[in-house]
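Structures for review follow.
Next come two complexes, and both contain chain A; in the first it sits with chain B, in the second with chain C.
Right after this comes the complex of A and B.
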């Protein structure tokens, strides 16, 4: 059997624990996140863990693909310490300002250049953009199938079996490789950083590719290649009013349940 | 002079911080309430190689040195000084074996310590006091080729959880001769005694270790015969002072962070108290204390890693950072007002924890003796 080649798409994001420090420049409408430590987007860490566990169980290799600003390099290093074998870092000003479409296009081009890995893992959503679009779009660019929002998977006899979370429950699916999988947090508990692995990771290779390496023109990438242009940010409207319920705990709980039911029926919740 | 940490060191800090914030922080109050560091947290630290940091690679460790150790203790102490103290004294238990152990002793004891399968401590202090180790009363009686130990060690961190105890004793037949031994809890006559109830550092396992006709084989004598004081004190010296500096650094950082958070949130007279110059001045002093402590601590650790003599530098770092930790935690409590005295805010814990950093691994007065003697010689005409 051919050795399993697995890729993981990673995003480096400002640490969600410090999002209170994020500010928006009112003139340029850009998000100011300087000085905030960067982490691997939490669901991407679950994606990496799923990939590394498959490699540990079935052999093969795990390569990380990450597009980001120079600060993302330390998160790539971290991914190597968490079990990835090598990494591709898409680092070029031309990638800047990309929406989900331009991001997926660049990542897909990199994955194609790698010879299309049999399995590609992504987090179901990033903790920054939260669109959930990048994974499926990569699959579309590559012309392969994808399972989105996977909470459990098993790999047997060259096939992947997955539980996909749907609106009403979950679906059991099986698929042949090549396949792209986006994962939810329930899929696993990511391992912690081990010092010995962090040291070994320093010797692992990080390939840095620019837009020229991907064979894509500047109007396919970054802001220019994006389908969506952000022109404004608006604060969330403040909550309107409040209702104070009175009575004992049981009465209040009953009343809340009735209200939730009513709002649900009215399509408010 | 380069004041930057290397990329490797930054990665170690990240690994330690990840453990501290994701695994330890959610359980910090539980540790405090139960006065116990759960075994699984120690196992998790071991799984992340925190116990292997200063053990040489040849014996299953990582051989990363003392700057790395300081980084890890600092990050853990920022969340739980008790957990950091476990690591600190574990380091004291292994250092004499690393430095003075025979090849056989290193092969036998260090690998299971590097993986956390076994835990270590050092037992020097007795009821007679810790500042004068020559005043101890634990005696070793030569018994054929072996030794029989009798005595009671007090205030020993990791007293219950440790498996391996590096212990200092004086010879029964010659009160001026001291030896250090590697004892094991599985040896008959070696057991923990009472556990201390402390004002702070709850969760740190502090208590007695009792030796009652404990037979220790000749091969467990550590270092040259009669070199016991040197063996035991060298561990407490640089490594002990480095570790307490690390505990102090974590407490300094935690106190400053808590104070800034509270000062920005607490509104008095329509504006946050962080706008008051009296509060800003306290924060400024805390910041200066943190930065000065950090520079002193990491300078000494870097010297240690370069193989330079650094006992005085560690004495300065230990003295300054531990005193600063108390000052800064007190400021943090003051900024919190009455809330600073309440258990729902952690600053009272930082203050209680900081107070024990002063007598641990050499009191401030002992540090002053070292610094004073050095300065009187160094700056004499």
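Right after this comes the complex of A and C.
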């Protein structure tokens, strides 16, 4: 049997603990997230773990594909320390400002250039954008099938078995490769970073590709190649603000309990 | 009103019933279609769909495009995506709205990629501008980002609970258009087994009282206080993203843009900073109390009453007061 080629699409996102520092410039409508530490989008870590475990069980190789600003390189390095064998970094100003459509188009072009892996893993949603669109869209650009929101996975006899979360419950699906899979958190518990692996990972290869390497023109990529455009920002009027309850914990607890009781007695609840 | 060049809504059938969000979108779709003076059509895919088609007409659809086949009973991308693409290419809708359900999001994303159209997620309001372009409002950064999507149709997803279900009128007339479907001879994917399972959200979407916790709860031990308070109030438990990431609570309990939309009458937010990504999922509580030890937390701008204090000092006496036999 041919060895299994597995790809993982990774997104580098601002650390969710510091999202309050992400702001918008109402004039230019640009989003400012400079200076905020970046992490691998958490569900993408589960995707990576699923890919590495599959490789450990069945052989093959895992390649990471990541599109992002120069700061994403650190996240790619981390992915290599977590078990990926090599990585492609799509780094070019032309990729900037991409929506899900332009992102999927670029990632699909990179995956095609890699000779279409048999299995492609993505997180079911990325943090921050959290549209969940990129995975299914990559599959369309590649002309392959996909399973979204997978919570359990098994690979045997050249077929993939995936339990997916649906609107009515869940479904156990079977699919022939090539397939793209987007994973949910329940699928596994990602391993922690080990220093010895991090040192070994420094020798692993990161290929940096620009838009020219993908054979895509600038109007198919980034902001220009995006399907949606933000053209206005409407700030909400400043909220009125809460009345702050004062006193010791006991007093305050009593006051809250009374407010809830009074509210319930009003017959509304 | 014609199905061509109109406004479309994806009507999703699960286990023989329409998902509420499909009807919610018909209500908003009707308003927008009237504004544009175009027809409103529902796209209905599944099996044994006749009664559902009539329900869609009663809720405002002028046309229902029906693809009825036993193989279509459950959502399956391999079958649904090319079918919807075919319908779009044949009838050329101007606008296409989807509920942000598992199936709806997947179908919308994949279809958009196939036809090269833009797709805006997390919309909470729509407007039609003077050029008859759909303005799509998405909450972010303490306001609304206004998007437009390029390509035909203009596509958007909307979370369940954003719009309300219109009053059905079974006297309304509409047209049912059958769409041919034949399953592929050798599909690459199949469903081996299907299990119905109610989500573990604990009735969050219907709850009148919700106690929600955020990062400020601090640890799994403190999270028990949230659970106990909810129990004392006979309330549902909700959360922001960090407690889910920390594993204190299931993902199904997450409230906000990437979680659930809730409409409680009483909302008690504990250790929640009040990021808009969370607050945009909480629709107009009548009584909103926030407890957070950070006096600068954004949540205090939005709550009716605020307590600036460590939750471990406030919650134990509060739980006692609200428990049966407590001083309440």
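Quick note on the criterion: the second predicted complex is superposed on the first by the 231 of 269 C-alpha atoms of A that agree within 3 Å, B and C clash if a C-alpha of one lies under 4 Å from a C-alpha of the other, contacts with A are read in each partner's own complex, and residues count from 1 in each chain.
Basically, contacts are C-beta pairs under 8 Å (C-beta built on N, C-alpha and C of every residue); 3 or more make two chains touch, one makes a residue touch a chain.
Nothing here was measured: the structure is a model prediction, and the numbers come from that model.
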item	value
Chain B versus chain C as contact partner of A:81, first or second or both or neither	first
Greater chain A contact set [chain C / chain B]	C
Chain B versus chain C as contact partner of A:199, first or second or both or neither	first
Which superposed partner A:16 touches (first chain B, second chain C, both, neither)	second
Partner chain(s) touched by A:156 [first = chain B, second = chain C, both, neither]	neither
Residues of chain A at both interfaces, chain B in one complex, chain C in the other	17
Residues on chain A engaged by chain B in the complex (per definition of touch)	17, 74, 77-78, 81, 192-196, 198-199, 201-202
Chain A to chain C touching residues, read off their complex	16-17, 19-20, 22-24, 26, 29, 31, 42, 99-101, 104, 125, 127, 129-137, 139-141, 145-149, 161, 165-176, 179, 184-185, 226-236, 238-245, 249-250, 252-254, 256-257, 259-261, 263, 268-269
Contact footprint of chain A on chain C as seen in their complex	12, 14-15, 19, 74-75, 77-78, 81, 101-103, 105-106, 108-110, 112-114, 116-122, 135-137, 140-151, 157, 188-198, 208-209, 215, 233, 241-242, 245, 251, 257-258, 265-266, 273, 275, 277, 286-290, 295, 298-309, 313-314, 317-318, 321-322, 326-328
Contact set on chain B toward chain A in their complex	7-8, 10-12, 14-15, 18-19, 21-23, 44, 47-50, 52-53, 62, 64, 68
